[in-house]
Amino acid sequence: MTKKLNFCIVGLGRAGHFHLSSIQSLDSCSLKYVVDPALDGGTSLPAGVSLLRDLKPALTDPELDAVVIATPTQFHFQNICDALKAGKHVFTEKPLGKTSEEIKTCFDLAEKLGLALYLGFQRRYDENFKALKASITKIGQVRTLKMSSRDNPKPSLDYLKISGNIFHDMLIHDFDMLQFLLGYKIPESVSAFGHAYDPDIEAIPDLDTVVVNLKYDDGLICTIDTSRTAVYGYDQRIELFAEKGMSMAENQRENTVEVHTSEGSLKAPANYSFPQRYKAAYAEEIADFVNGIQNNRLYNVSRDQCLLGHLIADAAHEAVVTNAVVDFQKKYGKELS
Amino acid sequence: MTKKLNFCIVGLGRAGHFHLSSIQSLDSCSLKYVVDPALDGGTSLPAGVSLLRDLKPALTDPELDAVVIATPTQFHFQNICDALKAGKHVFTEKPLGKTSEEIKTCFDLAEKLGLALYLGFQRRYDENFKALKASITKIGQVRTLKMSSRDNPKPSLDYLKISGNIFHDMLIHDFDMLQFLLGYKIPESVSAFGHAYDPDIEAIPDLDTVVVNLKYDDGLICTIDTSRTAVYGYDQRIELFAEKGMSMAENQRENTVEVHTSEGSLKAPANYSFPQRYKAAYAEEIADFVNGIQNNRLYNVSRDQCLLGHLIADAAHEAVVTNAVVDFQKKYGKELS
Amino acid sequence: MTKKLNFCIVGLGRAGHFHLSSIQSLDSCSLKYVVDPALDGGTSLPAGVSLLRDLKPALTDPELDAVVIATPTQFHFQNICDALKAGKHVFTEKPLGKTSEEIKTCFDLAEKLGLALYLGFQRRYDENFKALKASITKIGQVRTLKMSSRDNPKPSLDYLKISGNIFHDMLIHDFDMLQFLLGYKIPESVSAFGHAYDPDIEAIPDLDTVVVNLKYDDGLICTIDTSRTAVYGYDQRIELFAEKGMSMAENQRENTVEVHTSEGSLKAPANYSFPQRYKAAYAEEIADFVNGIQNNRLYNVSRDQCLLGHLIADAAHEAVVTNAVVDFQKKYGKELS
Amino acid sequence: MTKKLNFCIVGLGRAGHFHLSSIQSLDSCSLKYVVDPALDGGTSLPAGVSLLRDLKPALTDPELDAVVIATPTQFHFQNICDALKAGKHVFTEKPLGKTSEEIKTCFDLAEKLGLALYLGFQRRYDENFKALKASITKIGQVRTLKMSSRDNPKPSLDYLKISGNIFHDMLIHDFDMLQFLLGYKIPESVSAFGHAYDPDIEAIPDLDTVVVNLKYDDGLICTIDTSRTAVYGYDQRIELFAEKGMSMAENQRENTVEVHTSEGSLKAPANYSFPQRYKAAYAEEIADFVNGIQNNRLYNVSRDQCLLGHLIADAAHEAVVTNAVVDFQKKYGKELS
């Protein structure tokens, strides 16, 4: 029997709780530490788990194998570096850091030390998007990709203020999804338009509604539209228009009931928000991380893919600010080589 | 160029108007007479059409080729016989008559005189049911057939009082649809349950809600449920459960718009009533009749199929009245030979 | 903090494994014993669980609180009685026993001893059917209920031989679902037709395709159709036709992808079989049992409902054998008083 | 009774035939002339219709009321001017002319002479898009509009060579649909990407796959994607994302049948091409023209809307050619005042 992997979770907010539950459900894992300075001794943790206010003591424990990082964004980079330097495998919520330099530093460290570095791009584990990717063999070369990625409910203003911006906080998932579906492809041009309907978001300043277009040199055009507030439910759909057909991944609904009256036929709404939609995906991403450690598959997202997503977010932001088409390869190409 | 066929319509109610419009849209037809004792000279008819109060004078016109009968039910049989005896092709709304003897008489007359006799079972011309029938090649032997056939809005009490009963007025269409889909098959057993929710219908006495089951000796079981009042729209759906799959014909909707709010996703209701659902089918049935006359294809529904439908209606009625399973072959088999 | 409830599972087949997983996921439970004479010492069980070949030793353990019975059908009754007499709460897969006398004995025992007796009618915990039930407030009095309940894949012949018959093995779930949706209602009449397409099933003798109709004195007519082999996926749908509308619970699909080609639009099939469809329901039924024990809610299905379902299965079987409508109240009414 | 309107159709290709059939079905119209130099005397026309090789003689007929123009594109402008100058009402397929000057000339003529000038933007008469427009009252201010407008089958190369380009030939319908749905709104910025997958189209030179984005000063962002070859069927869908919900108009399907096998659930494809999708809309647009003449409602699309659509097509073309965001108001604003 394989030795159990000992885990530490840093940050026990909403994401941290998902990961706690995922780790406990895996026979191959044992949760040893939870690190969160905001929790006190009265917090109810599973039997055998130690609550720490700081990551350092856990990192000195030679029994600890892996660290799951779910802290506020600004602490990711430091925690990742500390954990890797202590010889621990790392699973982290995005982003790795604020700049492409920080992203490179993380991957270089993991590479040098032979440690796993996994990102919480949970949509890669969604059954619907996996089936969508598989459908490409049926429809041939994708010519137009349309992605709707609309949040519900609107996050708190406190969160939004520290989120970076809508490009690096929300759309970064979509830019990763492009690569999940189509592989590593560097766009030729990036264009984007956006607006802030919410005056509080405008004041940050940030946007709440954005459309980004990417053009590739093989003809592919991708359009991503996003919003912070899809009041009708969490809305994440993708459509692939291709040479031999079209495929779409639709939203999941709360249930399958349809009620017919003289008003029409009413189906249940889409899942309320991401915890409902990605419940299974959250469990699967941790299982994949554990499986990766056990089988020396050290990344779920490559250094190049991670960097490309970050730079596309930079370019889209620039496109809105300058109201111009960004020549991506000219401006960002050198950072990718 | 083929000579135009001259038509007479008897009865200019709702069905009569459909047929008038169908005949006018066909280049191969010319409408010569409309017969309706309830209309007066002020009625607006297309140019060149004579309004008569009685069918007789039209039947003596040697130029007249075909008669379309859309009178109240109780006059069908006499009109059909008169028209056939005068050497005219006949298209008639169901039923041919009140008894199986009358049905046989009509077909015998048409057969002897070599004239076309077509029934207005318009569902046979519905694109959805034609596609459903074609799907059987994909799914193999049908094992269970489920048909929902629910009316909207509820017909007037005056109509219901002279309609015969729900079995011969409404379900007769469904019993014909069974034969359209599966061919001529004599059931082994018939069972049925029904209820009258509407006290006026109960007083007739008739039923407004009925479920009929037919069992065949090869194992096939058919279930038909019907209602006079599907308040959510006209509801005619069929499901075929078969050896290698299942196929369904769903309702048509008023339009394809779907509105998503926090309440759910609302689609437009099914077509309001039969004129909307079967608009194209009504046009096609007259075109088929004309085509049949021109090509010596003298029936759209055979004598045997017509008779079988009528007898199944008798048996289903009996099953409700006696609250017993009717041994169809024993009781009705001899009438079919 | 509440004391943990100690559990014993009897029978570690497919259902037993579901329950094992459910019990482990609940913080309020501790699994102490697994009883299965067919397992040997090499079986991998979670840490701290003892494997027994016989239920008796577990029942003498005063620490044991509850027994989950998932053995082959023929052992249910004895195990239930033994466990209740030992003072343990019982959760059992259906059926309680082979006869209505056995069913009454179980409930009488539980009642007398103040112990919980829960049945594994997992469909009551399905989100879709719960939402369907809730929809009745929108559509008003149900007039026709149509239920499709078709299995996939066909169970093994070994299983079918000891399953009782299709009425008590499969349809019993549907007869329970009627009561879940509509409450305790005694039918007036029961009619049923069936066929065996599979010669092995015919030889048992049993049926693989059945349609059952139930008529109630308030006018309600229910139609249930079932099959052992829905090759296109597990198919459990219910439609309620009512005074003010209609509602339907549709199947769940494997994913939400739709692929459009010139052939048409292809959606993923329905869930493959019951473990996929009812995954969440299986977890919830054990949680409900635990909650029931803790809150002195001792049944999820009442004695009367359980008995009524059993007698309807008897009546439907009789209706097929005799090819007659069964007068349910006359024949079975006295057993229900 | 109103006097019948006498019609002349110029150009009896596919569109001309639609209009011929529409005119014949209207009691208020009489078709007097068909003008087509490519037809010979053997062409079968309805009784009473004269075939001319040139429009002039028809225009001198004082009995003629209205001219329907369905010639190849390059003859539209001359025919429109000739007909208006002769005092005839005009219904014309788009475009009015090749330049905004020609468009203005047509409207100025019609205005001066008090004649009707209607454009064949048939999508305005589609039931689905009308219902979509009506849905805006439920969902509030539109924030993102996504339109897919994909053709099937690919038009002939001969047609494409004289079609102008994809912006003025295809997307012009979509730019009109924007105005139908949202009213007359001048965009702030236009961006577009395109590609030619078909080497013959590339050689014209033209594009076969295009995505256009329009940004408005109130925050609205519209994305239109188009293709000459949607091999899975004619694909015209629109999605409105708004403050209080989202609404979508989906494609119509050939029929409502769904076939379920182990591969999944297959629905009939979308309508094959525009004649099927817009069959009813083609009839309705002529009826609206006739009604407009009778009620002195002289335009279905205003001069400003027509001009704006044309200029957006210019701007989108420019955006692709220059790979830049076009500042629409700066560049084209003056032409609209």
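Read from first to last, the chains carry the letters A, B, C and D; within each, the first residue is number 1.
Quick note on the criterion: contacts are C-beta pairs under 8 Å (C-beta built on N, C-alpha and C of every residue); 3 or more make two chains touch, one makes a residue touch a chain.
Quantities reported herein were computed from a predicted structural model and do not represent experimental measurements.
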Of B-D and A-D, the pair joined by more C-beta contact pairs is A-D
Looking at C-alpha means, what's the farthest chain from chain D?
C
Rounded Å distance between chain B and chain D, as computed from the means of their C-alpha atoms
40
Whole-angstrom distance, CA centroid of chain C to CA centroid of chain D, is 58
Between chain A and chain D, the Cα-mean centres are separated in Å by 43
Residue numbers in chain B touching two or more further chains are 231-232, 244-246, 260-262, 268
So, in the complex, the side of chain B touching chain C is made of residues 143-144, 146, 148, 150, 189, 191, 193-197, 209, 211, 213, 215, 219-221, 223, 225, 227, 230-232, 235, 241, 243-246, 323-325, 327
Contact residues on chain A for chain B in the complex?
231-233, 253, 260-270
Given the complex, residues on chain B that touch chain D span 25, 27, 46, 127-128, 130-132, 135, 138-139, 244-252, 254-262, 268
